[in-house]
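Two complexes come next, and they have one chain in common, subunit A, joined by subunit B in the first and subunit C in the second.
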Partner chain A sequence: MTATATARIRRSPVRFDATALERTSRDGWDIVRRYSDEGGGPWLVDLSHRCRWDLQHPDVGNQRPFGVPVPSKPGEVAISDGFAVNRMNRTQASLWHLGGNDRPATPSGVGFTETTDGHCMLAFLGPETASVFEHLSDLDVFDPERGLPRLVQGPVLHVPCQVVALGSNAVILTLSRGYGRTFAEAALQFARPCGLRPAGEARFDEWFVRWASTRSSDPSLPSR
Partner chain B sequence: MTFMLTCPICGRRELHEFLCGGQERGPRPPQEGLSAEAHFRYAQFRSIPPAPQPEWWYHGQGCGVWFKATRNPATNREERPGG
Partner chain C sequence: MARLPASPTQRIDPSRPIRFRYWGGEAEGVAGDTVASALYAAGVRVFSRSLKYHRPRGLYGLDGESANTFVAIDGVPNEAAETTLLRPGMAIAAQNVRGSPERDLYGILDRFDGLMPAGFYYRLFHRPARLWPFFQERLRAMAGVGVLQPSGSRERPGRFERYLNAEVAVVGGGPAGMAAALAAAEGGGRVCLFERRLHLGGHLDWRTRLVDGQPLHRRATELAARVAACPNIRVFTHAPVTGVWGENLVTGFLICPEGGIAREYHYECRARSVVVASGCTERPLVFEHNDRPGVMPATTAWRLAASYGVLPGRRAVFAGGDDSSLEAAIELAGYGVEVAAVADARAEGHDPELVAAIGEAGIRFLPGWTAGAARGTNRVTGVELRRIDGGRAEELRCDLLLANAGLQSLIGPLSTLKAQLGYCTRTGMFQPTRLPERAFVAGSMLGLRDVAAIEASGRLAGLEAAAAAGWDAESQIREARDAVRNAPGPAAGCFLACAPGIGRGAKAFVDFDEDGSYKNVVESAQQGFDVPELAKRFGGFGLGPGQYHVPGQNLAMIMAALAGTPLDQLSGTTVRPPLVPPRLATLAGPGLAVHKETPLHDAQAALGAIFRNAGAWHRARYFSTDLSCREEIRNVRANVGVLDSSPLGKFRIYGPDAQKALQRVYVSDMSKTKPGRCKYSAMCNDTGNLMDDGVVVEIGPGDYYFTTSSARAGATVEWFRYHTRHDGWEYQLVNLTDTLGSLNLAGPNARKVLAKITDADLSNAAFPYMGYREIVVGDGVPVRCLRLGFVGELSYELHAPSSYCGYLWDLIMAAGAEFGIRPFGLEAQSCLRAEKGHVIIGTESEQRVTLTDIGMGFLWDSKDTASKKVGAPALRHASGQTDRLKLVGLRIDQAERRPEDGDIVIDGTEVVGYLCTTRMSETLGWQYGLALITDRHAPEGGTVQIYSNPRGTPSVTHGTVVAPHFYDPEGARLRA
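Take a look at the complex of A and B:
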């Protein structure tokens, strides 16, 4: 078997109808870093190549995947060192690698399942993100009584999703891979009145670094 | 007719996010000595009294949890302790 035949080729389910200005290849994924004419926001960013896992454990609240403690209550989100740990229910948490371009190894242990290739991951960023989301779902992901960041599980465009609102200008969601392409097309169409446009991964990286530094310098936020 | 249901994890959501798993009927009768008629009645018969009854529901479009909720078939509304 040739080297070409054994090389991994991994494709995002999402295709944006936009011209890529800058591309990179990482771990078999062809990733667009920037699109032409991204505009001033809001943006839709395809993050399907970012690593994700599910953790299932009867005592999930006392686990520390990647050194991050799993939150004690369903709906809570812990973010540290570029990882988001979302408590889903009594026994499960989802783990998202949001920061950095490296590929973390799957933690040892029987409870971890890598879900990167089975899901699609999208980020809504920038001004008017809340208005964009109101065009797509009845879910109140910015409920001030619950605080942010927060995990909400429910339908967006009638597709079951895990939705994490990081702030009033950033929402990240995952959904089954098969819905990815049409979901992105529908989201762009429904939120066109808000000016939603596709953007490359660099837009998310820049936002996340800025957001994480703001968080770490705010003493009112929990350290984890 | 739609109504709202309270998922123990996600809170109050619209009915279309859920699947109904039927009445809570208590434990299955012991297999030993179970007559064909008793088994038939357990498996097939349902009563729908016009009064609140416990039911199983599945939050399929949300957190994926099975839970029990109390619904009144007379009003087709969930009834929660304390209103």
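Take a look at the complex of A and C:
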């Protein structure tokens, strides 16, 4: 082997037409922490670099990936210690690493497949998030009867997605990586009436920390 | 024209003038005006000319009921003047006019209406047949309601869509709709309220009549304020509903205010239950010349005065069939209109309070009378009133004739909702007799006229809707039912079908949009189109943009009268969507361009790639404008090229029964799959057709990695699950298509390039053809490397995490620079693989040919019956058959015009097959073809003819049947 001069960089499928103010490098990814002129929200944040796994097991409901019990029913979401475990169906769950900057190792066990590179992961945050979503999809992700957080699987901008609504001002979704760039462009265009703008990862981190602390201090919220 | 003094009902701001242009001149409206109200205030009375007869047409309704007031605005035709808000600088022009609206060249056509009877378009000018195109062209040129200017604005106003979810959707923002929304919201659920007009309030909005000491318009304001204050009610005004559908989907479009995000955009609301409170409208009175400018429903004139401050005329005659006309007469007299008379088709049943007020105002009241004919041409100058019993008649002078035959319910939403409708012999309106599940109706469309009763019905419907959506509202519903029971019930309606004494040849219009007259209804019935649904199509009644609004109930009533059908057996026509016409651009939506791009998209774009759609992907098809891709092909054959093959399907299958599943869907013996080796195989469907092919690698015990064609990647998981659905096998599938990008490094120098970026042993002995290795490339990137040969050269397929693919591409291009590496696209790949004789599914295979027919039968493990391989019985069945299509190679003779893909293969006059792929090969030096032809013609050495007829000039070229592996048939280059 002789040719290794090229910089080893992992690239997100999403690129925003915005000026990056602060960048960081993590696990090979070039991550924008802040953009200029992010505005007061709502925001669209690219989280494609966050680790994700697919878990399949005949008895998936009794698994505890990263110490988090897989929810008992499809559509339910368990969030703990920075991990979201989304029960997809009878035998399958998706795992998202939302909190922390470390790169968790893939859990041992044959049922885990890392899918970080398979998806584009986006967060819609801030005020008017619900309105933003109304411009993108007919999925009823905020159905008050079903409670939050919850997983909805269906089309957003006609692209199959896994959508987790964490609250009325936060939605995270994943979709096939190939759609990433054009999806993000379309989302920004169609949600323009709501003022959706790109934001860096820091915006999500700040929000997630706040959200997690609110949940842990509110006993009325669903158990984690 | 000066506006009326300010009043609490006005919706305009006279202090904010708006200048616009009309028909070349300057005019002025005020803020809050619609185009229609501004034009009317500016003295315009003839808005357009009618479709067939070019009769002058004026303002009729204020809610877009007909095409009378369609105008061209800033070059965009068919804008509804009544529902379009006036904007500064608008250039407004009348439509369907040759000359001016007042003096139209084609106005003479009105005298030749005898040449245009009902259905004339289907019957006249067709014989002799050669003349029809001549007439067709002229008829179409003369008809129409507006001119589209292809060179005009390319503005796409419908760039947004909005999807709403609610527990209860309410259609109609009148008192019933608002009461329904408020009641439904008590349960805490999400409520969406849709109103077509700019303001909530419905028919209360402009009424000053006191009820319980409060003016009705104030009651509307009060209800609207309560709705606005309710946090779980979302109000959408200026948002006409285009239909209500199954499972309570409400669709419509939202007209945005000036400076809004769009002109209008489509919305959909999925609700658990829906309340339809779309209200009523005045049923047009059918009498002679009822289309003259100045003839309009009473509420149009009333709203012009009350909402827009425009005096609709000086001297009015009313010819109504409902109490609203009496109320309007009193109100308009108050605004200064001289009311010459109020005729009412009903002999009795009037609101005594209103009758008394009419008397007090000194207005002449004529119960049992109606309008028989309007006088005047470009505007009404008088009216002949007739007694209903056909007795006396009387002429009156007027410039405003406010006519109706009572009310009709706006049943459009119920019609699209598939509610069962029946004619009510008390209210004289079509009303629901059976509603779909979780659909409710309220308000004046039930025949209610008393405001308290309307609100009570709205509240009941809202509560019932909320209960249907899951709220326990039993006690509230009980109380609401009592309130409805105690309120006044439906009022008696008017049953007048058309004016008395109307002649069979009268120009009394049932439908304005299509110039459908009473005479045309008679003609339709006489020719056998004697039920409304048939007459509607034959005569075009209700097929114009106004749809049901004008002809709706009248068509049914007149046909029933002609046939002598009792009213209780009256059947109407189905109201078709869209109930209100949106712009085509609004329906077209935002022009979604979401597609898939590979991780190497940008890298290839930087090198001049020309992309084409390939399923959901945009893929690089060419890397130069030479579409024969000569250089790309030459470089792969002689040197080294790199292809982005990322859309290739990539999967992991694992679990104790994974191998059984593989055995089921693949035709080969998959138990022979080994670690470190790629096993090539194919999938068939139940009829033995080739569905997919790819390689399978064992990556661990019971753990396999396999590839599929790009086109089948999306269907693979379902394919496995479907074909093993009865077995209860335990295996899992993960789609890694997007997770792993893929590059195909191909050509005699491929090994040298790869060796520069990995330490792995790439020698032929260590890594032979069809081998699989997990190697590390560059600065630690894990790569799954498959040594394959789709293009017929030494090739390495490198599967790497997608995020690293850009890095990997850069590495390869840098490493290959000294060898002159260059990318190649799908077109070059297709040529290369065709030279090698490798098939592409769907190009060299189709539903008439089996795996065996295309020369891939060697893959099939025909002895294995235990696995129940998909397609095996069909393959077995077809194996002994003759006269089947077979895949062959063709060496095509040189010809002036070369055959192309898809040309047919003939034997004399018999079609014996077709060319799947053909190219002039620089490598071979001759044109090759892969063709599917009947087995009779398939033996090698035979000749066939290829028939081409690309642009109507036929030619025949000869070809010789050869083996379909033209290049390196021994596979030496693959194994090098």
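Please note the rule applied: the second predicted complex is superposed on the first by the 214 of 224 C-alpha atoms of A that agree within 3 Å, B and C clash if a C-alpha of one lies under 4 Å from a C-alpha of the other, contacts with A are read in each partner's own complex, and residues count from 1 in each chain.
By definition in this document, contacts are C-beta pairs under 8 Å (C-beta built on N, C-alpha and C of every residue); 3 or more make two chains touch, one makes a residue touch a chain.
Note that the coordinates shown come from a computational prediction; the quantities given were computed from them, not determined experimentally.
Visitor: Applying the document's definition of touch, where does A:Met88 land relative to subunit B and subunit C: first, second, both, or neither?
Guide: The first partner, subunit B, only.
Visitor: Given the touch rule stated above, what does A:Ser36 touch, subunit B (first), subunit C (second), both, or neither?
Guide: neither
Visitor: Who does A:Gly154 touch here: subunit B (first), subunit C (second), both, or neither?
Guide: first
Visitor: Who does A:Ser168 touch here: subunit B (first), subunit C (second), both, or neither?
Guide: neither
Visitor: For A:Arg192, using the defined touch cut-off, is the partner it touches subunit B, subunit C, both, or neither? Pick first, second, both or neither.
Guide: In the superposed model, A:Arg192 contacts subunit C only, not subunit B.
Visitor: Which of the two partners, first being subunit B and second being subunit C, lies in contact with A:Thr214: first, second, both, or neither?
Guide: In the superposed model, A:Thr214 contacts neither subunit B nor subunit C.
Visitor: Tell me the contact category for A:Arg10 with respect to subunit B and subunit C: first, second, both or neither.
Guide: second
Visitor: Once the shared chain is lined up, is A:Asp138 touching subunit B (first), subunit C (second), both, or neither of them?
Guide: In the superposition, A:Asp138 touches subunit B and subunit C alike.
Visitor: More subunit A residues touched by subunit B or by subunit C?
Guide: Of the two chains, more subunit A residues are contacted by C.
Visitor: Please identify the positions on subunit A that touch both subunit B and subunit C, taking each partner from its own complex.
Guide: Common to the two interfaces on subunit A: residues 138.
Visitor: Quick check on the complex: what are the subunit B residues that touch subunit A?
Guide: Subunit B residues touching subunit A: 9-10, 13-14, 16-17, 59-65.
Visitor: In the complex formed with subunit A, which residues of subunit C make contact?
Guide: On the subunit C side, the touching residues are 159-165, 189-190, 261, 268, 270, 470, 590, 592-599, 601, 616-617, 646-647, 652, 654-655, 700, 702-703, 730, 732, 734-740, 755-759, 778-781, 801-807, 810-811, 814-815.
Visitor: Considering the complex alone, what residue numbers of subunit A touch subunit B?
Guide: It comes out as residues 74-75, 88-90, 138, 152-155, 160.
Visitor: What residues of subunit A sit close enough to touch subunit C in their complex?
Guide: Against subunit C, the touching part of subunit A is residues 1-13, 28-29, 48-49, 54, 56-58, 91-92, 110-111, 113-119, 134-140, 142-145, 157-159, 176-183, 186, 189-190, 192-193.
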